[in-house]
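In what follows, a structure is listed as structure tokens, so that the remarks can point back to it.
Lettered A, B and C in written order, each chain numbered from 1.
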Amino acid sequence: MSSTLFDAPGARGLRRQRTASAVTVLVLLVLAGLAAAKLNAEGQFSVDVWEPFVTPDYMEALLEGAWVTVRAAVVAILLSIIFGTLFAFGRLSDRFWVRWPATLVVEFFRAVPLLMLILAMYLIYGEVIGKFWSLVLGLVLYNGSVLAEVFRAGILAVPHGQSEAAYAVGLRKGQVMRLVLLPQAVRIMLPAIISQSVVALKDTSLGFVLPYEELTKTGQSIAIEFNNYFATAIVLAVMFIVVNYALSRLAVWAERRMSRAGGTAVRAPKGDLMGGGGG
Amino acid sequence: MLLTRTYALAAAVLLAGTIAACGEAGSEGASESDVEVEVEVVANPDFPEGSTMAELAEAGTIRIGTKFDQPGLGFKSATADTPVGFDVEMGKIVAGQLGIAEEDITWEETISDNREPFLMEDKVDIVLATYSITAERRGFVGQAGPYYVTGQQLLVAEDSDIAEPEDVEGEEVCSVTGSTSIDTIEQEYGATARGFGTYSECVQQVLNGSFDAMTTDGAILLGYAAENPDELEVVGKVFSEERYGIGYQDPADTEMCEFLNGVITDSYENGTWEAAFVSTLGEAEVETPEPPAVDPCK
Amino acid sequence: MEALWDNRDLVLSGFGQTLLLLVVSGSLSLAIGTVLGSFRVSAVPALRATGTAYVTVFRNTPLLVIFLLTYYGLPELGIQAPQFWRATFALTLYTAAFVCEAVRSGVNAVPAGQAEAARSIGMGFGQTLRLVVLPQAFRAVIPPLASVMIALTKNTSLVAVFGIADATFRMRGLINNNPGDVYAIFGGIALGYVLIVAVISLAAHGLERAGRAGMGRVAVR
């Protein structure tokens, strides 16, 4: 294969590549072997450590925790989309007394750590709104702000001719937004929305500190009972990777369908995919 | 290609499902102690009109705040519906005296951060959650008791050089965020305190060598040491006094205070306190201590 | 407002920890992320696979779980270290995956013609990367890298539940001890983070403009 950086390799090149591959694989295997040996010595492969994960009751508890996580993430994403739409319109408004506060709000919630937001929500309003809403509201404020930026970019990315034609036909700004730009923008932004869902899913693990009984907290209960912290962490990681990877592939698929249909997808800035302070 | 992947996925799911039925973890997790706490549920309790106790007895349910992540005192397994532990047993005893049966108790998880807020905002009626009595707290909420007295100590690895609190000066010591232990070990013994979410996390890290010592109430530490007798030990003098009390909402509610104190002293006399201890904290072969005298209500 | 002022030494030390973590983890993850990035665009299939596997694992796992994995896994592997370095390790591993992706997108943004021209005069992979592609990718890479560093700043708040007394840890303590001053405390600490983020954004803008100026002098268009 060739790319911008190197030509398709000839015979000698192929041999060099194969040797390099082999060496890399060897090094990785040796490292893995050493790690496995050490872990075994520490008893990390014993039945006691892994048994809870093949016991129906505990698996059920973990799946329950996963369900709680997904529920919180879904609610958070839906509300974030609403928040994002509102504030995107706010930031695109012609009236400065709408634009400036909207910009302030969005920039503020993108700069503040999500963990801090969630903790503060719970410590200040916890008794009134409970853990679920402390977590979800924190998620909405952050992810909504990110989506506001994404939506703004999406609306601006709709070919200019569309809005020009709409104005020429006599539509007012609000109508142009609603009837012409937004529907087309949504298609463009779909991959970004899905990617942001991945972030929201990861960030629900922050509920752990409230403590909210989502997946990570359930894992901790198991770890306390069986003293198998490392194994539990691995199981949690695997569960998250599986779900998030599937979602990411969905986003990539959506993006490909988009480009086939002739649009360019809009993406959230790289950093916002990391999660806002704990994602 | 897609078909093979689907088959592979289906096979994996089936395999996982079969394996998932194999394990029996936790089935021997039930208390091995022969001692059962016999909680008396009073049939028709008689309380003064309008008192908190009368309200609770009439309601027939009570909301008790306790820890869910503290083995021995208040711990709720991932698969259980209710927590177990010493604080939990004492809670059941109090509820029984109000005529409320075990099944009618609603258990809420209270962590160190939110015990006062939960009482002050009427999210729980009483709190039994390793709740140390302090003068500051008595300014915001009521605290009856104590029903257990312990003190801060150190938990170290079996082969550690640390023998007394003074030995941890300049070292990193693990404890729980928001607990009184963190401040004490920092201010009085010059250690660097590292705060985590639960004591179990600290124990795990002492076991795996990340920390040389952890500190909290001796009662809690003894439980952990007993679970790992060859690897952990509790050392050093007791360097503070922690008196666990029952939190209730209104600091001026003298009737409630006297009722709770009465329940506590009765439990000393009729053996339920000792049974509660032996079946939870005492499982670690810890000697049952002398029950403490309760503070007079103001 | 009072509580914040009275405890300003605690708040400042908290932000000191935050900044320290940011600088150390940031630098380390930039280095490791760039190396990973070059793995992902390399000709050697095994290196490409390693890079992809690394990124897949660390991008799809919550940072919290990464902390759990490193805090409880490293000692099992016999590696002991003081708290600060364990936290740095977890943050670096996580952030490096995103730096890698940012670098990769920067490299892919360089027009193919540049690398083709380099190869046509006989430069090898390493030379092409070092002398032609990376310097130009540098400019394209700044905005995503700035986002990654901003996210890292916020991610440092996680150490509050893993034993390090950073700004978020201090906020929690202050709110617990001064329930009357919650808004002021939250606002004050939030302001601190906003300031750090603003500085990073400004620095990124400055770097971008400097890069553009540099390019302008050399461009042969």
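One rule holds in what follows: contacts are C-beta pairs under 8 Å (C-beta built on N, C-alpha and C of every residue); 3 or more make two chains touch, one makes a residue touch a chain.
Values in this document were obtained by computation on a predicted structure and should not be read as measured data.
Q: Applying the touch definition from the top, give me the chains sitting in contact with each of chain A and chain C.
A: Expected: B.
Q: Central chain, going by Cα centroids?
A: A
Q: Look at all chain centres (mean of CA atoms) and spot the one farthest from the centre of chain A.
A: B
Q: How many angstrom lie between the centres of chain A and chain C, each centre taken as the mean Cα position?
A: 17
Q: Need the CA-centroid distance for the pair chain A / chain B, whole Å please.
A: 36
Q: Could you state the distance in Å from the CA-based centre of chain B to that of chain C?
A: Whole-Å distance between the two chain centres: 40.
Q: What parts of chain A, by residue number, touch at least two of the other chains?
A: Answer for chain A, listing residues that touch two or more other chains: 123, 208-209, 229.
Q: Note the residues in chain B that touch 2 or more other chains, in rising order.
A: Each of 113, 117, 197, 204 in chain B touches at least two other chains.
Q: Where in chain C do residues touch two or more other chains at once?
A: In chain C, residues 71-72, 76, 160-161, 172, 176 touch at least two other chains, as defined above.
Q: List the residues on chain A that touch chain B in their complex, please.
A: 51-62, 65, 123, 126-128, 208-209, 211, 218, 220-227, 229
Q: Quick one: in the complex, what on chain B touches chain C?
A: So the residues of chain B touching chain C come out as 113, 117, 172, 174, 177-178, 194-197, 204-205, 208-210.
Q: In the complex formed with chain A, which residues of chain B make contact?
A: On the chain B side, the touching residues are 19-26, 29, 68-69, 71, 75-79, 109, 111, 113-114, 117-118, 121, 123, 197-198, 200-201, 204, 207.
Q: Residues of chain A touching chain C in their complex?
A: That would be residues 3-7, 9, 13, 17, 20-22, 24-25, 28, 35, 38-39, 42, 44, 108, 110-116, 119-120, 123-124, 198, 202-203, 205-206, 208-209, 216, 229-230, 232-234, 236-237, 240-241, 244-245, 248, 269-279 of chain A.
Q: Going by the contact rule set out above, which residues of chain C touch chain A in the complex?
A: That would be residues 41, 43-47, 50, 56-57, 59-66, 68-69, 71-73, 76-78, 94-95, 98, 101-102, 105, 107-108, 110, 112, 114-116, 119, 125, 128-129, 133, 143-158, 160-161, 168, 171-172, 175-176, 182-183, 186, 189-190, 193-194, 197-198 of chain C.
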